[in-house]
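The chains carry the letters A, B, C, D and E, assigned in the order they are written, with residues numbered from 1 in each.
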Amino acid sequence: MVRSFPTRKLIHQSQLGVVDFESEDTWICATCRACVARCPRGVAIIDIMKALRSVVVGMGAGHVPDSLRVTLKNIAGTGNPLGEAAEKRTDWAKDLEVKTFTKGTEILYFSCCIPAYDPNIKRVARATASLLNKAGVSFGIIGARESCCGESVRKAGNESLFQTLAQSNISAFSENGVTKVVVSSPHCYHTFKNEYPELGSNIEVVHFTQYLAELIREGRLKPTRETNLKVTYHDPCYLGRHNSVYDEPREILRSIPGLDLVEMVDHRENSLCCGGGGSRIWQETKKGERLSDLRLDQAVATGASVLATACPYCMLNFEDSILTSDRSDVIKLKEISELVLEAL
Amino acid sequence: MAVDFEPRIVGFLCNWCSYAGADMAGTARICYPSNIRIIRVPCSARIDPLLVVKAFQLGADGVLVAGCHPGDCHYTEGNYYSRRRFAMLHPFLEYLGIERERFWLQWVSASEGKKFSQVVSTFTDGLIKLGPRKAVTVQ
Amino acid sequence: MSAAMDQTAQIRQKARELLENKVVDCVIGYERATDGVNARPLFVYEPEEADRLIFDQTCTHNLTRYLLNRKGKPTAIVVKPCDSRAINLLLNESQLQREKIHIIGVVCPGVVERQWRQASAKLLNACQVCQQHVPVIYDVLVGELPSEPTVAEHYPDVVEMEAKSAEERQVFWKEQFSRCIRCYACRQACPGCYCPECFAERLDPLWVGIRIAPGENEVWNTIRAFHLAGRCIGCYQCEQVCPVDIPLSLLNRKLEKEVLGLFNFQAGMDAETSPPFSTFKKEEKLGIGE
Amino acid sequence: MARIGVFICHCGTNIAGTVDINGVVEAAKQMPMVVHAAENKYNCSEPGQALIRDAIVEHRLNRVVIAACSPRMHENTFRKTVAAAGLNPYLLEIANLREHCSWVHGDGKEAATIKAMELIRMAVAKVARHEQLFPKQVPLTKRALIIGGGISGIQAALDIANAGHKVVLVEREPTIGGRMAQLDKTFPTLDCSSCILTPKMVEVAQHPNITLLTSAEVKEVKGFVGNFEVSILQKTRKVDHTKCTGCGICWQKCPEKAPSEFDVGMGKRTSIYIPFPQAVPPKPVIDTSSCRYYKYLRFMEEKKEGKPPPQCRVCEKLCPVNAIDWEQKDEILTEKFGAIIVATGYKPFDPTIYSELGFGRHPDVITGLQLERMMSASGPASGEVTRPSTGEHPKDVVFLTCVGSRDEQRGRTYCSKVCCMYIAKHAIMLKEHDPEVQCYVFYMDVRTVSKDYEEFYKRAQESGTIYIRGKVSQIRQEDGKLIVRGEDTLLGEMVEIPADMVVLAIGMEHNPGAVELAQALKVSYDVNELFIEAHPKLRPVETMSDGVFVAGACVGPRDIPESVASGGAAAAKVAVLFSQDFLTTDPMVAVIDQMKCGGCLLCTKVCPFKAIDTQVLRDGRTVAVVNESLCKGCGLCVAACRFGAPNLRGFTQQQLLAEVTSLWQ
Amino acid sequence: MSQFISKQHLLSWLGQLMENRHLVAPARVDGLILFKEVGRVEDIVFDYENTTLSPKEWFFPKTETLFYVERKDGKVELLPPEIEKETVIFGIRPCDARGITILDLPYLADPADTFYRQHREKTAMVGLSCLTACPECFCESMGSGPQDTAGLDIMLTEVKDGYLVEILTEKGKSLLSEGLLSTADLPKPKAPKTAAVPSEGVVQKMRQAFDSAYWSRVADRCIHCNVCAYVCPTCYCFDVRDYTDKGRTERVRSWESCQSPGFTKIAGGHDPRANKGARMRQRFGHKLLYFPEQFGPLHCVGCGRCVRSCPVNIDIREIIEDVQKMGAPK
């Protein structure tokens, strides 16, 4: 039974101004938006959580969880949460012929830091890049000039770091004449689409599943290989509930011949969060309190052999849950672009 | 600029909202400059652009038209039409040399006594700053 | 001039045909004026007279004026594109019945300024920025469709006048209006001015006296233009007929530009769309009263 | 020639405190056409009015200017004073020296006095051009139309009919009774709903002054207060109600079954049916979508292959008075009315959009109204509450409040007022039906707003119902039980309750077709498509459109006492309207000079009240003419017209121009 | 031997006149040539065919206050306006001067119009004969001519670097001091030929054509814009109305024309000359029938302004030819 999280208590405390910033509760919220979607009073609960955290980070009222503090320092220093060197940002694309973005290239592919640096999530960026090559799309990456989108940084309450990251990304985009960006992570998608415009960016933002669905519809990519896999799809909160993108991923999966798509008991707008949003991905979650374990049980309960998703943070959490509950033989974890690549 | 220049202002107020708002300013004893002369009309849509042009021809320094907030009109649609009519007259008068600050359209509801007095004071100050209408002599 | 030649021939032939089989009782067109250079309106009642009809670059008049309160059988009329917009205006304001008019539409490359006894080559300033070379409404079309020349700025003169300071504009208009002799030729030439009793002739309420002086002239010219807001179809006959050459089109075109900007409406494009002052939108932001 | 009298009021010190009254009186004497000017301590007082009356007679005044307080305050008082002196009440103008001068220019006495003089000069210039105006008498049809046969409509109909006026009650459903007829018991007295409703329904049916039109809808409304012309669509019932005696053989023998709308899916009815036993009129209608004969006719029409379905027509054979009439067509009736009362009621909220609650997926999740039908003795289960899935008696019942109310995400921000109480009623009655039942109620707030409601809520708690403060996040089906998962905010923990049955307390919503009716009646409606009253507090049953009244839940969620009260109130308003033989219209309306009208008909397009029609003159010209009963006197046409043909009496062009020019005389 | 004045002397003479008199002369205004009171001699235009508007407005002003009525301490007072300073109109063409003499007939006939008479007495006319004639000039057919001196006080005829001077009236004599004049035996240049218009017997022909349908045919294209009447040197119709302002009533007279819609509207709203044909016939009837019958000469001086200004080219010469061609009335 996952620990019940006292949202209303926190809201009421902040109303009365008696928030206990020392308590761990301020850092529990994964900003999965289930509460905001349901609140009959339209209360902006996520913004309140963000505000509480910015009091801690900004005015030092409490203490930031260690792992998060380290990650924020990395992002401030090297522009990515893992503290890797900025130049190595494009190593994942070494052996694939991926052009660097120049003026006139049609779209910029923004992989997000995890697929760029994390060894076992690199396959997502590589699969996406090869799909774009296969479809003959004019795309490029801007490598070192690009830094973390800052979505989780802002949700962690570090507004000033978010502003610097956003400004540097926006100027990188405008310098290179970027007009359209395709992203792998729903978190980058969310912040580029809804938060960067506040700072003056007006480029077109498309999530990879939306772009891929279009490519398949136009016939520039034709999944032909027969795969008799039973697959269930997990709606990442920032793609589904935050930005109501539900149908494209399913359309892609159904376009793969022989693939049997089954839905988990909680799906689409009622999907259960993997626990990675709102900078939770950079924090330790005690065993037994990991939402991704619960979500994995639901995936297994559908009898599917493959759990598909479209978010690097979800990939990290599910990868971890599969290992800790050693069900790697029961269910495989695949990103949507991997499944499509295998079916070409 | 004459220090004791007292602009002559004609105010057309709609009976149901802005005239009542002016009454409200009265009952609340909120003072405002006394240059405005208020003419009561049933609705802001009753004010014929001819009346505004005639007022300026006779020598008015400023004309204020006040009506209900769009949506509150006692006759449901009156102020929508007057908004369109004066949205056309305003740039046209400016084009003919009557400065922008001399012709105002303002929405004042029956409870906005305070706002009415502010509108009149700002309007009057603007006109004092602008000075009297220039009597252009033509051979 | 050959294009004009065959347009004239087609018009004459069309007019003779209409008159012979009694479709109409009169054809209104143009004929050569007594100075041998310009054109003047012509009312043709008999088929033989059809050969007096001409059409060339000097046919500047807007003939639709003559259609107002015509009784009896239908009338045929030669119509340039700007004139055709006047027909739409009058249809929208239920002054004409469509079945009572037979429209001979003429493709118009633009007409020249009317100067007595001199053939001027300078296109009317309205024609220089005209974006409509084919009538918007016609029964039969004379002349082939030219390619539409696109004109970037449709109101260069108005923009230039708007750039002036309030002081300059006030002096400019005061001088122009002081010349006005209140002959009301601008009203008589305009298809949009058909009021049974013009506001300027009203004794009670007395909007405008008969004194021909700057004060009264200003009210007359301001309100005449404002009564055409959202209705002026841009034939600018008022400016053509003004004996003292007051640039009246500068007034009308300012209102045209405002109506286009605020309501995206152009007068006379069709007879159905309701003109700006006859309708409204609840949420529209018009930059006034906010 | 105008002989104007100016009466300047001290208003105690309100005006005299700032304005130099004597100076103003002297100035007034010099003004054109002023023959008498006097000051008065209090114009509006009895001695003050007497002084005015005497002065009118003594100086043979034919115009009066009162320089005192705002016309919005005492215009009518002074009109009566002037009329009492034998002068036409409209030959009067009021200069507002108090609110617009002395009270707001206290700091500049000298400027205030000059302004006072100029305000009077404007009033004098305007009153000089006033003409005599006479209110007109318009004949009045003393017949009332009531749209909607629910409890409010019934109450209004009975009250008006008992006041001696003819009434036509139009109801869209085959029977009157509305939502209340679907209820079993009513809170807080728990008396049986049909026992208190059906007598009133019968009274309506038998009342000589009431004509009842069921299965009928109002299509179009023309005209104005006192002279409405309404076209009503009488939908065909395929049964001739003049012949039918309501013996019931047909609906007993009809072989075809269809889901009963009245029982909200809890029961079935025959194709030829009366919605419920006590229906009024007790005469059936044929539902052509499910009737076998019509299925046969449709089959033949589409000329499909294969064997045509049976013709049936059992009802036609068995009917002793052969009242079945297949040829009966829809027909439009046009009737004249003096007043209209809208009582179209509400529609229960459809909770399917709450996907997390599983309504429509789990059979045991039902709405409050469905439970009501189950509990109703004349209902499909004749009072026996069973779980729809298994048919057993439910032991654990969970109630959810605010389903479709107080929820911004679903666009229903208002509280529906009755759900908390009918949940308490259900809890009490379930306990009476079966003492082992355990009821749970998930609530945000329990609202007990009227007399004996709080005590009723306490009774429900005492009957063992557990009230849990919190909202339910999800309902899951698990081995035959419904797991209701929600948060108990007082404990601060999540709770899960295995339940046999879940009842959703659905709120009230606008009735479909409300917007079209509102537009036909020119009554405004709000964002929730509920009718808007003329004034929420002071004129709750009137609307902005004269002669049209509203009652019951079509204005907003209302319980039965309020619906009955508003029905009665609307009826009272109609009775007041019908108490006079003629309607006097406001004389300050527009008038069009047909010599000046150019026939462009712009005024007919812009008039908000469609009060301007066209008329063809002898010389064939089409000109505009004002219908003085519809015109509200806004003057929009006067300013819109280029010809200057229309003029607004009381605010003519001449008067307003005179006011403007008087400032520069 | 005729008197002569050089260009410089002429300019200095005009400069002197300006000191104590209003000097009105043709000046360029926004591309138009109009008679205007000039402040500087340089503004005067010498090479022009004719002004757009005729000089009649200096004798019969566009708008004029006839008298004021004021209520002073109970009494009602009538205050006629005074015209103090004298005016000299320089550069009048002979046809316009002839026009003024024609205006004299109705205005100075008993009972004379005091305002017109004051203007006439106080205004001197210095004419400038025409060296060239425009095609639409037909002054000779109307009893005038390029060198017709009727109505003028001084006639100047341009010759090489100066002007021949003919002093015609006492007023002219008092204006031009001898000193500036010298003598020159230059021949008078030949008068230019103007187009002939068959004006003989047009009065009888007009009376015959009174009921002809010709008038409504011609009037078809007329838009009744009053321009012909306002530019015409001989039209003299006006409208009179009273206006009160600040307690003072003023009787105002302004130009009016038989073509304007309300001209003949009588009480009750009836207009005897409502249709276009009747109004067209009224204009040309007055020019060619009613005026000659009442005063003698034709009421047109052939200046051609109405021919130039009419937007729809209703040409009086064409009308006269058509009327002459008309046979006996049907």
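Note that in this section contacts are C-beta pairs under 8 Å (C-beta built on N, C-alpha and C of every residue); 3 or more make two chains touch, one makes a residue touch a chain.
Here the structure is a predicted model, which is why all the values come from computation and not from measurement.
Between chain A and chain C, the least number of touching-chain steps is 2. Drop chain D from the picture and the touching chains left over make up A | B, C, E.
With centres computed from Cα atoms alone, the innermost chain of the structure is B. The chain with its Cα centre farthest from the Cα centre of chain B is A.
Centroid distances from chain C, each centroid being the mean of CA atoms, peak for A. Remark: chain B and chain E have CA centroids separated by 47 Å (rounded to whole angstrom).
Work out the mean CA point of chain A and of chain B, and you get 57 Å between them. In whole angstrom, the spacing between the mean C-alpha positions of chain C and chain E is 32. Note: centroid distance chain D to chain E, computed from Cα atoms, is 74 Å. Each of the following residues of chain B touches two or more other chains: 49-50, 54, 77, 81, 85, 139.
Looking at chain D, one finds that residues 595, 606, 640, 653, 657, 664 touch two or more other chains.
In chain E, there is no position where the chain touches two or more neighbouring chains simultaneously.
By the touch rule above, chain A contacts chain D in their complex via residues 4, 6, 8-9, 37-42, 265, 269-270. Contact residues of chain D toward chain B in the complex are 70-73, 96, 98-101, 103-108, 111-112, 114-115, 118-119, 122, 524, 544, 588, 606, 608-609, 632-636, 638-640, 648, 651, 653, 656-657, 659-661, 663-664. If you check the complex, the residues on chain E that touch chain C are 29-32, 34, 52-53, 62-63, 134-136, 217, 220-221, 223-227, 229-231, 239, 241, 243, 252, 254-257, 260-262, 307-309, 311-313, 315, 317-318. If you check the complex, the residues on chain C that touch chain B are 161-162, 166-167, 169-175, 178, 199, 207, 214-215, 218-219, 222-223, 225-226, 229-230, 251, 254-255, 258-259, 262-263, 276-277, 280-282, 284, 286-289. Contact residues of chain B toward chain C in the complex are 49-50, 53-54, 57, 67, 70-71, 77, 80-81, 83-99, 105-107, 134, 136, 138-139.
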